[in-house]
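Two complexes, one shared chain (chain A), two partners (chain B, chain C).
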Partner chain A sequence: MEIRNKQDVRDMARGAAFLGVGGGGDPYVGQLMLQQEVLKGRYPRVIKADELDDDARVLSVCGIGSPPVLVEHLLSSRLLSELMDRMEEHLGYSIDALISAEIGGLNSVMTLGVAAQRDLPLIDADGMGRAFPKLELVTFSVYGCPASPVMIMDELGNMAIVQSRDDATAEMMSRAISSSLGAMVYSALYPMTGRQVKDFAVHDTISLCYSIGKCIRESREELDNPFDGLLALLNRPEEGRHCRLLFDGKIVDLVHEIRDAWHFGTITMEANGNPDDVMVVEMQNEYLAARHNGKTVTMVPDLLCILDAETAEPITGERLKYGQRIKVVGLSAAPIMRRPECLAVFGPGGFGYKEEFKPIEELNP
Partner chain B sequence: MEIRNKQDVRDMARGAAFLGVGGGGDPYVGQLMLQQEVLKGRYPRVIKADELDDDARVLSVCGIGSPPVLVEHLLSSRLLSELMDRMEEHLGYSIDALISAEIGGLNSVMTLGVAAQRDLPLIDADGMGRAFPKLELVTFSVYGCPASPVMIMDELGNMAIVQSRDDATAEMMSRAISSSLGAMVYSALYPMTGRQVKDFAVHDTISLCYSIGKCIRESREELDNPFDGLLALLNRPEEGRHCRLLFDGKIVDLVHEIRDAWHFGTITMEANGNPDDVMVVEMQNEYLAARHNGKTVTMVPDLLCILDAETAEPITGERLKYGQRIKVVGLSAAPIMRRPECLAVFGPGGFGYKEEFKPIEELNP
Partner chain C sequence: MRIGVDVGGTNTDAVIMEGSRVLASAKRPTTEDVAGGMVAAIRAVLDDSQVPVSDIHSVMVGTTQFINAFVERKHLSEVAIIRIALPLSEGIPPLVDWPDDLRAAIGEHIYMVGGGCYYTGAEYMPLDEEALVKAARDIRDKGLEAVAITSIFAPIRQDYEERAAAIIREYAPDVAITQSNQVGSLNLVERENAAVINASLMRLSRQVIDSYRKSLAALDINGRLYVTQNDGTLMSAEAAEQNPVMTCSAGPTNSMRGAGFLSGLKEAVVIDIGGTTTDVGFLHHGFPRETTDANDIGGVRTNFSMPDVLSIGLGGGSIVAGDAEVTVGPASVGYRILQEARIFGGSTLTATDIAVASGQADIGDASAVSTLPSELVENALSDMHSKIETALDRMKTSARAVPAVLVGGGHVLVSRSLKGVSELHRPEHASVANAIGAAIGQVGARIKRIVEYGDSGRDEVIRQVSEEVKRDVVEAGGIPETVKVVEIEEMQMTYLQANAVSLKIRAIGDLATGD
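Up next, the complex of A and B:
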C-alpha cells in the first residue's frame, strides 16, 4: 500500500471509520493532518512487523479526549512533533518506528501523519484491530507491555507524565488530566520493543484499513451494490476472516445516554417493508452487540459497522439519525483478539455483559 | 523554637489548626508523622530565611486531596521519602531546605515531619500565612515562581509529573489526578531559590504557629480565660499585627453545601443572652468573612478562627455543631498578603466577593 495523494488519504480515513465500529473519534482531523504531510511530499512508510529488529524501539501516539471536542479542535503538527521530542528526551533514546494503538477512528490516521512528519516507519499493525474507549484495552497491555510512561500534552504547552502501577490506573489518570485541560490532549505511550510488537500486536491492520476504504470507494464507482465488493474483500474464511451483511433497513429508534463519561446508545432498525423484522444494536462508545429479532448475531470484540445503505459510507454513533437507510455489517475480530486472556479484558464481560463471547461465523453459519 | 517532644508537636498542630482558619486539612495525620520522627530523636531544624544562601535550592511538599479522605488515610513516611528522592532525580539537583507552602492545617506539620526525616532545615516561612484551597494561592505564585514541575505520588506507586503553563492550570491538573487516584495524594512542588524565599515568602509563620499552639495550652492552664493570653500574643500593633475577639456566643444555624468541589458554608451565631446580637461567618473551604449584625468585621485574606469558648481549641469547619459555645477571633494577614498584587489573587475578589478588602484593624478600631 502507498499513501501518496488526497484520494489515498481519504480511503485510509474511510477504512478507519469502518474499523472505528461507531466510535474511535472522527478520523477527519487526522485526515487533514496526514493530507498536509502528503501534499508536502512526506509520504508515510508502512512496514511489516517482521522487518523490525527485535530490539527496535517502538512507540504509540494517540489522542485522549472527547470526540465532540476533537472535531472542533484541529490537530497541531507542531504539538505532535514536540510531543515526540519530549518523549524521546524522557525515555532517553530515539524511536525507530511508530505503531498505532487503535486502528479505528482518529488514532491510526493521525499516527500515519506523525510517521510521515518524523520520517519514521509505521508498523502495519495496531493494538486492537478496531476501536475501544480506554487505553488499557489493547493486546499490548494484555500481554504485559505497560502503557507508562504516558506523556500528555495540550496545545497551550501544558504537559504531564504519568507513571502508573497498572494500565487501568494510567487510563484513569490520563482521562482526568485530559478533562482538566478541556477534554482533548495528545499522548505518547506504550514504549515497546520490536520483539513485543511481533508477538503481541494485531497484525496487518493498517493495510486492511486502507483496503476497506479503497474497496468501498471503488465498489461504489464500479458495482451496482458497493456491499458486494466489501463482502468479497472481507469474507475470506480461508484466511480466517468472516464478514456478514446482517441487516438492511432504516433506523426507527435511537436512544443516547451520556452516563459516567460513557456514551451509551441503543439503535433500533426495521427491515425495509417488514416492520416485524427488527435489529437492535447496543453501543457503549462503540457498537458492541447486535440482536436480530432478539437473537444475538454479533458480540464484542467482533466488529459491527453501520453504513449508509446506498454509498456504504460508515456512520459513527453520534451521526446516526432517525429514518436513516442503513445496512449493518459484522466482521470477525482478529484471532489474537479472541484468545481467552484477551476476551477476559475486552470480551463481553469487559463491558458488563453476562453472556459468553460467540464468534460471528458460529452465530451466522 | 524547638520541637523535641509530644507536647511540642501537639502545640504545633494546635497552632496549625488555628491558622487553618477552618480548613487546610486536619493536622492530625501530620502530627502523628512528625511525632514519630521526634520520638526517634529526629528533630526538625527550623531556620530563618536569611540563613539561606541566595542560590540555595528550596522545595515544598504538600498533600492534595479531600480532607475527609485524608483523615481515614494515614500518612506514609516511606511515600514522602520516595517523593523527595524522585523529585530530586527529576530536578537533577539536591534540595538544601524545605518550605511549607501553607502554614494552616496539615501541610506545615507534615513538612516539619519530612524535614526531620530527611535531615533538611525547614524555613520559618510559608506561602500564605494561613490556609487556602488551591495551590496557586501563594505569594510564590503571585511573584512569578512557578509551581511546576509538580510531582504527584500516591501510596500504591502511581506517579505523575505536571509541567503547566501557569499555576492555575497546575492546580486543575493536579486536582484531577488526585481525584482519579482516590482524592489523597502527596506532591512536591514550587522549586525555588533562597533568594526567592527571602523576597516572596510570608516570614516567621512556623514560629508564630508554634507560639499560638503553645500559648493556647499555657493560657488554658494558667489563666482564668485562655483568650486573654491569645489576644496578648497576637494583638501587637507595634509589630503590625492586629487581633480582635469578634464574638462570644453559640452556633444557632449551620448551612453546608458541597458545590463544584468546594465546601461552602454559612455559620450563624447568637450572643449569649442576646438573640438579637448575631454574627454570620461565611466559608468556602476556609472561613472567609464575618458579618456582625450585618456589618463586615473581617474579610479574606485576614484570618478568622472559631474556637471552643472554654478551652480556646480551634474548630475546623466540618467539626462545627449546632449549639456549640464558641468565640470568634480575627487576625490581620501578614503585610505581604495585603499588597495589591496579592489581593488581586486571594483578596475578596478571588472568592467571588464584590466588596473591596478592608483591614480588620480599620473595621474594628
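Up next, the complex of A and C:
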C-alpha cells in the first residue's frame, strides 16, 4: 500500500473511523496532519513486521485526552518531533520503526504522519485491531511488554515521564497529567523490540484499514450498494475473517451517560417499516455488543461499526443522532485477540459483562 | 404590516402580512441584479393588497445569494487569516483542506499568533500583541480588506479575538473583521472555516444589502430591513452585513417554517416541491429538525446547524422519460418550464404536464396533454408518488404515520394519498410558503459553551446562561415578554476528570413589528 495523495489519506482516515468502532477520536485531525506531510512530498513508508530485525527498536506514539478538546487544540508536528527526540534521548538509543498502538480513530493516522515526518517506517500492525478506551488494553501489555517509560509532553514544553508498576497504573497517571494540562497531551510509550512486535502485535491492520477506506469509496462510486463491496472485502472465511451485515434501519433512541469520565451509551435502532424488529448496540466509549431482538449477535472484542445506510460512511459515536438511517456491520476480531489470555483482558468480562465471548461467525452462522 | 421576500434561484416570492393573515402574495422571476425581481414582487403585493407603503413596518428577506456566490467562487474578497493558538495547533494551519481554486481566490495570507486558553478558560499563554501588530502592518501594506480572526476556545473566551480586532483596527481602520466567536461553535477548523467564508463575503454582503435598501427606497418603503438566518430567525440588515454566512441555509428553513405556520402544525413532515427538486424535512416543536453532521459548503468543511433536509431530483419541471418503464426526473427543464412544457406550447413532457393531465392542476393549456395515453399518465404519477414516499420513509424516525404539509410551486404533483402520511395538508398560499416563513418575524440567539456545574449546581448554571441568552434576544429586537428558551442541550464530555458539560441554550422571541 502507498499513501501518496489526498485521496489515499482520506481512504486511510475513513478506514480508521470504521475500525474505531464508534470511538478512538475523530481521525479528521490526524488526516489533516498526514495530508500536510504528504503534500510536502514526505510519504509514510509501511513495512511488514517480518522485515524488522529481531533487535530492532520500536516505539508507539499516541494522544491522551478528550476528543472534544482535540478538535480545538489540533496537533503540533513540532511537538511530536520533539517528543521523539526526547524519548530517544531518555531511552538512550534511536528508534528504527514506529507502530500504532491503536488502529482505530486518531492514533493510527497520526502515527503515519509522525512516520512520514521522521522518515521512519511504520509497521503494518497495531496492538488491538480496533479502538479501546485505555492505554493498557493492547496485546503488547497482555504479553508482558510494559507501556513504561511513558513520556508525556504538551506543546508548551511541559514534560513528564511515567514509570509505573503496571500498565493500568500508567493509564491512571497519564490521564491525571493530561487533565492537568488542558486535557490533551501526547505520549511516546511501549518501547519494544522487533521480535516482540512479530510475536505479540495484531498484524496487517494498517493495510486492512486502508483497504476498508478505499473499498468504501470505490464501492460507492461503482456499485449500487456499497455494502456489497465491503462485505466482499471483509467476509473471507478461508482467511479466518468473518463479516456480517447485522441490521438495516434507523436510530430511534440514544441514551448517553458519563460515569467516571467514561461514556456509556445505548443505541436503539428499528428496522425500516417494522417497529418490532429492533437492534440495540451497547457502548463504553466504543461499541461493545449488539443484540438483535434480544439475541446477542456480536460481542467485544469482535468489531461493530455503524455506517450511513446510503454511503457506507462510518459514523463515530459522537455524531450519531436520532433518526439517522444506518446499517450495522460486525467483523471478527483478529485471531490473537480471541486467545484466552487476551479475552481475559478485553473480552466481555473486561467491560463488566457476565457472559462468555462467542465469535460472530457462531452467533450468526 | 410586514413584507416577506424569498429570493430563490428561479423565482422571487413576496407576501404581505398583517399578524397571521396573508393579505397578498406574488411570484416573479429572479433577475440578474436581484433588486429588479425584488422590486417587481414587492410592487405586485402592494398593488394587490392596496396597503399604503407607509404602513409597512418591516421587510424580511430570505436569500441564498451569499452561499451561491461562495459555491460559485464569485465576488469573493481576499482574506487575512489570523489564528491565535500557538504553540498549539501549529501542525494544522488554516486552509489546509480547502480546494485549490478557493485557496487561490482567498489568497494565502496566514498569520499564526501565540496565546490562548484551555477549555476551562485558564490562559496557557498571553496574547502575542507584537506579532499582531506585525500582522496588522502587513495587512495594511498589502491593502487587504477582510480579516478573519480565530482564537482557540473562542466560544468560551472571546477576549483574545476582541483584543486582536482592536489592534488590527488601530493600523488598518477600514478593514472588515469577522471574529470566529460570532459565526461558529466548538471545533477550531470548522469555526475558522466559517469565519474565513464569512470574511470573504463581507464586501459582497455590503453591496447586496445596499441594493436591498435601494430597492426599498425606490418603493418609498421606510420599514426596517431584516434578513433571515439558518435557524429561521431574523437578523437586522446591519448584522447581515457583518455575518453573511449565517444566511447560508435560509432557503429550506424558511419554507419549512412557512409550512408550519400555514398548517398550524408543530410536528409534521414538510414536502417542498420546487421546479427541479423536492426537499423533505421534519418540523419538531415548530422548527426544522437540524443535522449535526459536518457539512460541506462549496467543498469547505463547516459545522453549522443546518436543517436536516433530503433533496431528491423531482420538481414541476422534471422531465418524463421512457415508454414501458416511465421515470420522472432527475433531469429538469428548470426555469425554462414556461417555454418547454407541453401545456405552455413546448415539446418536452414534464411533471407539471402530468399533473395537468391527471386533473390535479389547472395550468396552461390542458388540451395540449389531453391525448396522452392514460397508462403513461398513470405510470408517471406512480413514479412521482413513490419517489416522494421513499424520501419520506428515509427521513422518518418511526414507522408511525405522520401529518404532512405540501408546499412549493410544485405541490400540484401530488394528487393521491401518500404512504406513511396520516393526513395531507395543502394550505392556502402553499406555493409561497418560503416568503411566509421569512415574514414570521422571530428573533433568536444561542450560546454554546463548556461549563462545570461545580458548587453552584446544574440548575443555577443553566438559569444563568438562559438569562444571558434571553438578554441577547431582547438586544436583537425581541419583545421581552415573548422571549423564551426553546432548546437546552447538554453533552457530557468524555475523558475529563472534571464534570465538564458542553451546554447549548437557544432562545427566541417575537420581533416588535408594530402589528
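Rule of thumb we're sticking to: the second predicted complex is superposed on the first by the 365 of 365 C-alpha atoms of A that agree within 3 Å, B and C clash if a C-alpha of one lies under 4 Å from a C-alpha of the other, contacts with A are read in each partner's own complex, and residues count from 1 in each chain.
The rule is simple: contacts are C-beta pairs under 8 Å (C-beta built on N, C-alpha and C of every residue); 3 or more make two chains touch, one makes a residue touch a chain.
Just so it is clear, the structure is predicted and the values come from calculations on it, not from any experiment.
In the superposition on chain A, contact of A:95 is made with neither chain B nor chain C. Counting the residues of chain A touched by each of chain B and chain C gives the higher count for C.
By the touch criterion defined above, A:299 reaches neither chain B nor chain C.
Of the two partner chains placed around the shared chain by superposition, chain C is the only one that A:275 touches, whereas chain B remains out of contact.
Shared-chain residue A:179: touches chain B and chain C both.
Once the two complexes are overlaid on the shared chain, A:307 sits clear of chain B and of chain C alike. Of the two partner chains placed by the overlay, only chain B lies in contact with A:160; chain C stays clear of it.
In the superposed model, A:209 lies in contact with neither chain B nor chain C.
Legend: residue contacts after superposition of the two complexes on their common chain; A:258 is shown touching chain C, with no touch to chain B.
Of the two partner chains placed by the overlay, neither chain B nor chain C lies in contact with A:290. Overlap of the chain B and chain C interfaces on chain A comprises residues 156, 175-176, 179.
Residue ranges on chain B touching chain A, taken from their complex, read 156-165, 169, 172-173, 175-177, 179-181.
By the touch criterion stated above, chain C contacts chain A in their complex at residues 85, 87-92, 96-97, 118-120, 122, 124-125, 152-153, 186-189, 282, 289, 291-294, 308, 393-400, 450, 491-498, 502.
Those residues of chain A lying in contact with chain C across their complex are 28-29, 32-33, 35-36, 65-69, 71-80, 113, 133, 155-156, 175-176, 178-179, 182-183, 250-252, 256-258, 261-263, 270, 272-275, 285, 319, 321-323, 325.
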